[in-house]
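In what comes next, subunit A is part of two complexes: it sits with subunit B in the first one and with subunit C in the second one.
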Partner chain A sequence: MAAHTSKAFLSLGRINGPGLGFHNSLTRVTYATALSTTNSTGNKGFPDRGNRGAFVRKPRREAGEPRTEKMAVNQDWTAVYSAAAPFKPGSVPLPVRMGYPVKGGVPPEKKGNLELIKIPNFLHLTPAAIKKHCEALKPFCTEWPSALDTEATLDEHFPIKLESTDYISAGTSVRNPSARIVHLKVKLSRLNLDDHARKKMLRLVGDRYCKDTDILTIRADSCPLRQQNYEYAMYLLTVLYHESWKTESWEAERTAADMDEYSWEDSPSQKNILDTLAHMKMAGEGEGEAVREELLGRPEVQEYRDSVMRLKNEGESESSMHQYREAVKKVLNL
Partner chain B sequence: MALYRLSFRLRQTVAYVRPLHTSGCGQQQGALAVESETRQEPFSIFRTLENDPACQSEKHVGQYYTLPSAHIHTLFPHGLPQRYQLQVKTFNEACVMVRQPALEVISCLKKADYSKPAPRFLFYGVKGSGKTMSLCHTVHFCSTQGWLVLHIPDAHLWVKNCKELLPSSYNASRFDQPLQASNWLRNFRVTNEHFLSKIKTRQRYVWTKREFTEEGRPLGELVDQGISRVKSSSDVVGAVMKELRLQSGQPEAGFRMAVAVDGINALWGKSTIKKEDKSPVSPEELTLVYNLKKMMKNDWCGGAVITALSQTGSLYTPSSAHLPQELLGEEGFDSMDPFVPVSVSNYSEKEFESCYLYYLDRHWLQHPQTRTEEGKKELIFLSNRNPSTLERLCAFL
Partner chain C sequence: MAAPMALTRNMCSFARIFVGISQLGTRNLSVYRDRRSCKLIRSHLQLTSSTSFHTGTVLSSTPSSITVTDEPDALFQKVSVLVKGHDRAVLDSYEFFATMAAKELGITLGKVFEPPKNIERLTLLKSIHIFKKHRVQYEMRTHYRCIELSQITGSTAQVYLEYIQRNLPEGVAMEVSKTAIEKVPQHILEPMWKDQPTDDKSSQ
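Now for the complex of A and B:
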């Protein structure tokens, strides 16, 4: 019926059916054609454009069985995913589900799941695949030297150890700026440093030295490339070594507060004990230097000196306090 | 009830029978009861009749001896810790426990040779372990021996909360504290009345244009001068210290001096006193502190210096610090060196027992559960045998 009514309203444009109060059989028709619009030809509902040639779509094939049905349990997986490829639900025989679950339901299945396709997958890097890679790389490798079997021999022959990290990620770019960082580790005992040089080196280096393991760690990350950072780290090590051997003129201006360790000689403690002993008139007769030497040579004074050094250098504890007390009692004859 | 029955049974074995006293402290363990029997002390195990510190020895460790109440005001006008003073008022008696650190120092003092420079002792220990009380015990010993006692109860009071700060008349770079100085002089006079007339000044002191003290005047006059003329009191303190220092070593002086300072770490610490332009005053710039530091040096003879550290009143030190070097600092340690550090620790088991029995005896522990074994274990656990913590805990019970 609709077709006939449309014919009648040929000249009219768009009609708003219900607004005009007509009965509901009015349809909205935008184009008026002179031809009938009934589907008499059976041409998939498309208008017949004369005899220009019907637009025939390819007949749609039915989807066949997914490959997963035909996979054997002991198949070679590296053949299925031989390189990085997006997730193919028909090729991965796992009942994976991903996505936000429907209310009261479960996450959607893998078939037609865009989430699984979006994420990076490492299906091409299974242990079997890695093994194959290693086998392929083996002809290009050389053997580890058999003489270098313990840590000790390694330390002996290769005292400087360099550490840097390589990063892999699945993304548009293989570059990672963190890959430029280089750590250089060396044991200070392997460097030829005398007493002054060692103390100066420790001061120059500061926190980079670990006292427990005696390892100096230099971290270089200021240059953009790893090779540049490596060269900078080696340069730093060389410079530190040479500078710590030099003695500058201003190093002579060190005061007692700058010293690393407490030294009893010329300290207020020594002065005090000498004055006290002099007051106690225990020195006997004598003049200046000789008396001093004699006093310093006494065993109780040596004991006192040891206890004070221990207190100042190691810090206080019950035992060091006890030692100090005994030493003082002996020296003062209490 | 069982306690009474036990005490009845044991009473028959004790030589003297004094029912009134033994009822309160019935836990007389067998061995200790025998000990008390041999010494014929029917009162209790935790007390000793030996009130003279000179005669106390190791076997009195852990026991309480009584300070004669008449002398407390003269001996310690300002020396005892606050809470202890309250306890003395409550119990109507001043009982001090004999402990190892004080005994050690007393024995050193007994044997020392006084023609040699003054030995210096330092009590150190955790908070509330009994340093000030040990100091007071030693001071009591010194005064019973007839020494002159220069007791500074808390050196921290001199470096903080100063209401009046005057520039010193003697030395322009230093500052006077008239209130603290006159306060101290008053207490000094109370303690050492009998010495003040005997000691004579060796030098002429000019206080202002019209006031001066001639040579040969008794020390009492000097002290009175300081108390009445508050402005010059700090300088008087300095003069008194100098005189005593010079004279105590002389064989003809006939007296020995004990310098007892509590909270000695204040001398080398920081002070909270500020000058008018809000810049901080270092302790050296205070006359009182400067003079006291001179006393601390061991260049004088004929006496001893007994000191105690104190974290409680100290400024800018962490509350966990209790070892000498931490509190004295490098400068302080070097000035005090060589000294004999004496460690004061928390109560031992025996001392704890003693304290517990004392409180029971004084009826200080009212709570019924304190008399049980579990109650006692709880007290040990809560206080960790720390004397001051125990005292505060028992105050609630």
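Now for the complex of A and C:
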């Protein structure tokens, strides 16, 4: 029966249980006391003091045979252990043994075994019981919408992800202050931002943006309740969005050093290359703006422009240096 | 006999949590309807009086009406349940219970794995006074088990988590990390400055 196998599994697991920190006290079988069945009939307690209505305790009844003897093999186990209950040796019809074995002997039997009572048992959660519980819980569950089966569709329709954690533990209080923390994650590509707004947003958020995954993470933990932190995170996102679309008057005072990316136009590099080429061709044509325009339009100059931009923006690497070298050779006709 | 005592108790506690218990004509529960917009799935239960498992009480465990409301259900991309305990065997049994419950309720399981255990060791003086060379060492082992559920709705998550948490054994702690997903809110779709080109400093 499934119930028995699960219990056998449980009992196997727990025979190896206690071993930490317990020293030789377990070699003595002091913790596993056998109930003494003394045949003390008659009056216990005080002896009769001369017919003065002495205190007579009720005669102690004999404990009958345990219930396990009367259990049928095909009984409904969920009725025996219907809720979490301590281990009762008279109710569990398994020959479970647990504890450190006596020298040259076996682990003690289940009757009067404290080790079996101490550890949590799952006798109320046998597969049959779980099935019954789930059958009753099924009507309260709802199905996941079938249209949202892949991660891509999820990201497309529901780009905002909110992470929060609940904590359950035994203690004097059910509350855990870490439960108020809310993380709001959103991909910036899913928001409606133009170029300027995106750059401004990245400047505003700073470290909270991860370039590799394009995810902005806002961590809200300043309020004492999770609902408040959630609302604050949404408010922050709204404010960031609208502020990044704004263009302030002082943004026009940006210098070349403030720029995020290197732009070749109006840079010393452009001036230098145009001067160099103009000097090289001085003999041929006249000077003037037209010459410079024509020089700019040439493909070698464009290649040079690309390689310089790549070097400045992406940093120095084997391929970018190689590209620069080729571009310079072409431009100067080496 | 039908579902046992624990089931009745579980169902009662579920009912208490849901706002407003709608009831059609049995004696014990009061009729109460919540007219505000906060509506969830409600159920109707019948309480039984006798609780002895020898008599084999017949109790109707299926509610006669479950009302489904219009409030949109929350959606969770991932729910990660981490259980911590001192006894690995207890966590093994709990994992079996949790995975079986998830399968029965039709929840897709992600990964079920065991993060490495954490041992905290202390070395203390054995005696209250002097005897520095004689110490005693203790250790506290914390075993972990992580069960990840993916693509689960709010109602199902609530049901499953409550079921799991009510049957959490003694001495075991749990952390549940939920990743809820939401649409982009209405006020972030378009910048508000588009209709007000001259009014740059308008406050929100």
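Just so we're on the same page, the second predicted complex is superposed on the first by the 190 of 334 C-alpha atoms of A that agree within 3 Å, B and C clash if a C-alpha of one lies under 4 Å from a C-alpha of the other, contacts with A are read in each partner's own complex, and residues count from 1 in each chain.
Rule of thumb we're sticking to: a contact is a pair of C-beta atoms (placed from the backbone, for glycine too) under 8 Å apart; a residue touches a chain by one contact, two chains touch by 3 or more.
In this text the structure is predicted, and so the values were computed from the model without any measurement.
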item: Partner chain(s) touched by A:219 [first = subunit B, second = subunit C, both, neither]; value: neither
item: Subunit B versus subunit C as contact partner of A:273, first or second or both or neither; value: first
item: Contacts of A:316 with subunit B and subunit C, given as first, second, both or neither; value: first
item: First (subunit B), second (subunit C), both or neither touched by A:330; value: neither
item: Touching partner for A:191 - first (subunit B), second (subunit C), both, neither; value: second
item: Of subunit C and subunit B, partner touching more subunit A residues; value: C
item: First (subunit B), second (subunit C), both or neither touched by A:304; value: first
item: Touch list for subunit A against partner subunit B, complex; value: 267-269, 272-273, 275-276, 279-280, 304, 308, 311-312, 315-316, 318, 321-322, 324-325, 328-329, 331-334
item: Residues of subunit C touching subunit A in the complex; value: 1, 3-7, 9-11, 14, 41, 43, 53, 56, 61-63, 66, 73, 75, 77, 87, 89-90, 92-94, 96-97, 100-101, 104-106, 108, 138-139, 141, 151-156, 159-160, 163, 165, 167-185, 187-193, 200, 204
item: Subunit B residues touching subunit A - in the complex, by the definition given at the top; value: 108, 111-113, 116-117, 119, 124, 298-299, 301, 323-326, 334-335, 337-343
item: Subunit A residues within the subunit C interface of the complex; value: 6, 9-10, 13-14, 16-17, 20-21, 76, 78-80, 82-84, 119-120, 122, 124-125, 127, 129-145, 148-149, 154, 157-170, 186, 190-192, 197, 234, 237-239, 241-242, 245-248
